[in-house]
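What follows is a single structure, and I will ask about it in a moment.
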Amino acid sequence: MQTTTTLPAPVSPWKRFLKQWGMTLGIVLSVVVIIIWQYSLNENITEAVLASTIRQSTPLVLGALCGLLGERSAVINIGIEGQMLLGAFIGFLVNVWTGNLLLAVFAAIITGAIMGLLLAYMSVTLKMDQIIGGTVINILALGLTGYFYQVGLTTNGKLQPIPLGPLADIPIVGPALFNNPPITYATFVLVILVHYILFYTKWGLRTRAVGEHPRAADTLGINVFKVRYVNVIIGGAIAGLAGAFLTLEAVGSFERNMTNGRGFVALAVMIFGKFTPLGAWGAALLFGFASAMQTQLQFAGINVPHQFIGILPYVLTIVVLAGFVGRTHVPAADGVPYEKE
Amino acid sequence: MDDQQTSEEGSQSFKAWLSALWRVMAIPLAAVLLALVIGAVLLAISGANPFRAYAALIEGSFGNMKAFGRTLAKATPLIFSGLAVAFAFKAGLFNIGAQGQLLFGALVSAVAGFMIKGLPPFLHATLALLAGATAGALFAAIPGVLKAYTGAHEVITTIMLNYVAINITDYIADGPLKDTSGGNVIARTPAILDSAKIPSIGEIPLGFFLAVLASVLVWWLLWRTTLGFEIRTVGLSPHAAKYAGMKVAFTVTLTMVISGFLAGMGGGIETLGIVGRYQPGFNAGLGFDGITIALLGKTHPFGIIPAAILIGAMKAGASTMQFNAGVAKEITDVIQALMLFFVTADMIVRKILRTKAESGEKITLSGWGQQ
Amino acid sequence: MSEEILALEVRHVTKRFPGVIANDDVSFTLRKGEIHALLGENGAGKSTLMNVVYGLYSQDEGEFLVNNKVVEINGPSDAINYGIGMVHQHFMLVPVFSVTENMILGSEVTKGSSLDLRRARREILEISKAYGLEVDPDAIVEDIPVGVQQRVEILKALYRKASILVLDEPTAVLTPQEAEDLFRVMRQLTETGVSIIFITHKLKEVLNVADRITVMRRGKVVGHTTPQETDQKGLAAMMVGRDVLLQVEKTPAKPGEIVLEVENLSIEDERGLDVVKNISFEVRTGEILGIAGVQGNGQTELVEAITGLRDVDSGRVTLADEVIPFKKPRYLVEHGMGHIPEDRHKHGLVLPYDLADNLVLCTYYQQPFAEKMLIRNQQAVLENAFGLLERFDVRAPGPEVKASTLSGGNQQKVIIGREFSRPLKVLVANQPTRGLDVGSIEYIHKEIIKMRDEGVGVLVISAELDEILSLADRIAVMYRGEIVAVVDAKDTSREELGLWMAGAQPEKM
């Protein structure tokens, strides 16, 4: 008995283009349409939504920057959540003790960097499984912050918005982009800076080479271990800054497990953004926009239990992972410890 | 002559067995000790007397039969969540979602426990337990399918699904199935019927024996059946598994389902044997503890039992410690995290113990790229 | 005249790995402007030695002299500074980078804080012209053929001003004609003062191109010679330590009916490129069809499609009159297909498993290894292993050792034992002897021919033309995803096959 299997014809270049960029294009278009439609209805709400989008996206894009610095040099960082949480906590504590906001931000960054160092030590030197290493950091952060946290402490003030002169008065985008507190501005700068470093400098070229083919980099005299350590530590510092954003800029106090999975959402943002800073920024803005719309839905008096609205970012993360991970080029050596001999 | 020879051989193989056991146990034991030492330092830093704290911890967990029973009761769901994590691990999957699966198991067991009426005790409890386990299995099927067919990494999807589970179970316990008897205002379901309760034998909860039985079954499944062979092959080398004609995607999904079944059963046993209803917050952290327990138990079903008893003892003794020594309960979370760190960073411990790395079945978890 | 200045001298180098001595008191000298062949079997320690010279490994004993001065080489950057360049057997190129990015990596040209890719591009074009090695600086490495990738590797060394060039098995990825081209380039380089160490296990090439020869066996230098003093037989005996059959004995094939038929098969890979284009051929019982071709011309994908490991876009594969339902290796196992995979570590074995489990990897669920397809019978699995280890001459302490502890040759014998122990109609052997020692190669070739004589249809895929020539009854040549020619083995020659492997069309009769 013979049966013939019929198989699909090869895809045309147009279809291939759609497959690669169609989703991105579709999302951008629909977001723009929603914004314009909203603005025509009520400009104040639109501005509020946009400002909220930026707020929500800031920790995500910082987390994603942390993640992609590691991944570009082939270290999977699943401990972003823990690095953020400890950064938030230490930043908070330093502020409570000293009352100094700048010192607190600095302490958060250092804390993140130390946690980055720990991850680098586990994954580069000890060659531990990186997923487990990151999980260790998460659980450690949860345990330490839980033990040392005392209820009732509040920060001495919060980082305040700094309007950038007339720019802040531009309709629609002005208040969202040019009237922000310092960490948000720093995030804008960091996105551009990391993009520049990764794609236009010697260090970036070496980082990407180490992530794709560490042995090739090694044979050219590049210190694979050093590249990984430095990237993961800088990534940790950025995650620490994201933590500082949460306690010192957004909320003004600390709560147990206040990162609420943002470190993991950031990983989805990173993958969605194809491991590029600019892409991650776009993805983070989309996630931020979705969160901001949620809040608006609640204010609009639509009667949905808050728990259902609460799960939206998590569901979105899962959808993004399921839809995108197979279509993105992941650094070839990602997650693999480098053995010298 | 012959007799002597066999007894000699016997003692030789016993020695070999002992030294093999030592090789396996040395690292976890050392990790536990190191974590306790560092925990003591942290306690001292925060102004407590570590010896008094630890003494209180032991008293509260092993001090008398009642305390011991409490330890085993705490250990019971932990054995299940540890088994869930370890089982998934064998197929190269890191199920951080045991927490969410356990929540659904606890809730659904409770629902089956108070909604189904008129069943004889043994049957009702069994049914309620299986209902909870099935709920966990179905919830775990989501990340399983996503991993197997789209490549979405299970670590992220399961964590996201944990948040989904918390929200949905909260909603149900605070909404449609809220206990309204006696003017209750807190979020919880009605109490389960007596016929659904899993009893204790003396101070020792029956559920503990079920957990031990589950460990044996998991061991048998993994090392004595073809399904177990497939699961382990997929975990060690998915490419070779495909080459050998195994259905990799199906195996991955099935492994997650079984893992979720175990986690759900842990939640169900907690509801039916101890809590007696579903109440949000009562099961917090049990799934995450499963990670520590699985790794502390070297992901072996029999290693998980002592690991779970250890963590269970820390939970059981924590209140006594807080009461007697004035130490915040959360220190046990820190010590647990340190145990996890040292048992996974085994190179550090090996340096201290001066032992060589074993060439065991090392499982590498997949990164983003691979499926 | 004073003492001769040597480009490189290796003195008494010993390198140990856990359990093996990879280099045992190795010494040799490299004169300026010579091509010095380092000849030895796979596993003789040639590559290890060169990795030590290049600073990738550190030696346990011994020293190096460059230009008669003792030098300390602690890493590749030291080696590069002393003018040593190396082209590794597996290219050290980042596949997703452009040629320019690969060339400058580690010795970047910058303008301010930014990379100066424009200047780098210009410099690359200059040296590329100077040495007659043409490359496109903007091409992405994964898109260019392996022959050109090798050119990039050589240019990479020259870009770093290498005066000592180490080439590790450079002809493995080339057609015979491309190899000739490479030899021409090598001689040209020596005229400009570059000294070359040429690592190989191919006797003909050594005699063809080397000025002097050092032979290694089991980590030791067993002798120095020159092409004038020796011949193939002599070199082979030195390399292996005994007389070697240069050709496996075999009787003419007695082809029967068709057992494996491939019709109009096309495959698109993950990146959307057509890697197999409309291929058709058939294999008959009792014959060996060899597929020759430079690696990376679609052979891997073709084999994966035939063995059920990969989806195809169009076409049909028929096994003994039954259309193979794609993607079901289990069906193929049960219907008489044996498969020796290209990558024994990735597909062929579960390295952390013991030999007994590896030997039932495809049949673990069948009687007697399992009852009712569920409960495993450990005893039967062990007994099976004892039998096969003996029958296939696997040197191992027992069936309970892990597959990872065996040598490459013994690992391959485990795979062969497993595949040959079930009733076969078709055997697909992809690179069956890659990286193995001569003894194992002879053994495996004999076993494959034995299979043929028992009436199995055999498909051998190999990038080694010698292997194809010694095994195949008919030869198909693959180039860029197409079969460009199918000929009877006795009607062709190395040169003709080489031309086809490079894409030349056979003349139509």
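The chains carry the letters A, B and C, assigned in the order they are written, with residues numbered from 1 in each.
We adopt the following convention: contacts are C-beta pairs under 8 Å (C-beta built on N, C-alpha and C of every residue); 3 or more make two chains touch, one makes a residue touch a chain.
None of the values given here were measured: they were computed from a predicted structure.
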Quiz item: Is the number of contacting C-beta pairs greater for B-C or for A-B?
Solution: A-B
Quiz item: By mean C-alpha coordinates, which chain is most distant from subunit B?
Solution: C
Quiz prompt | subunit A-subunit C separation of Cα centroids, rounded to whole Å | solution = 43
Self-check item: Where subunit B and subunit C are represented by their mean Cα positions, the distance between them in whole Å
Solution: 47
Quiz item: Roughly how many whole angstrom separate the Cα centroids of subunit A and subunit B?
Solution: 31
Quiz item: Which parts of subunit A, given as residue numbers and ranges, touch two or more other chains?
Solution: 332
Quiz item: Can you list the subunit A residues touching subunit C in their complex?
Solution: 1-5, 7-11, 16, 200-202, 205-206, 208-209, 212-213, 215-222, 329, 332, 340-341
Quiz prompt | Footprint of subunit C on subunit B - complex, ascending | solution = 224-229, 233, 236-237, 239-246, 359-362
Quiz prompt | Complex interface listing, subunit C residues touching subunit B | solution = 307, 309, 328-333, 339, 341, 346-353, 357, 361-362, 364-365, 370, 373-376, 402, 404-405
Practice problem: In the complex, go through subunit B and note every residue touching subunit A. | Solution: 42, 46, 94, 96, 146, 150-153, 155-157, 159-161, 163-164, 167-168, 170-171, 175, 288, 291-292, 295, 328, 330-331, 333-338, 340-341, 344-345, 347-348, 364-369, 371
Quiz item: For subunit C, which residues count as touching subunit A in their complex?
Solution: 17, 54, 56-57, 75-77, 80, 86, 88, 92-97, 101-102, 104-108, 110, 113-115, 268, 272, 274, 312-314, 316, 318, 321-323, 325-326
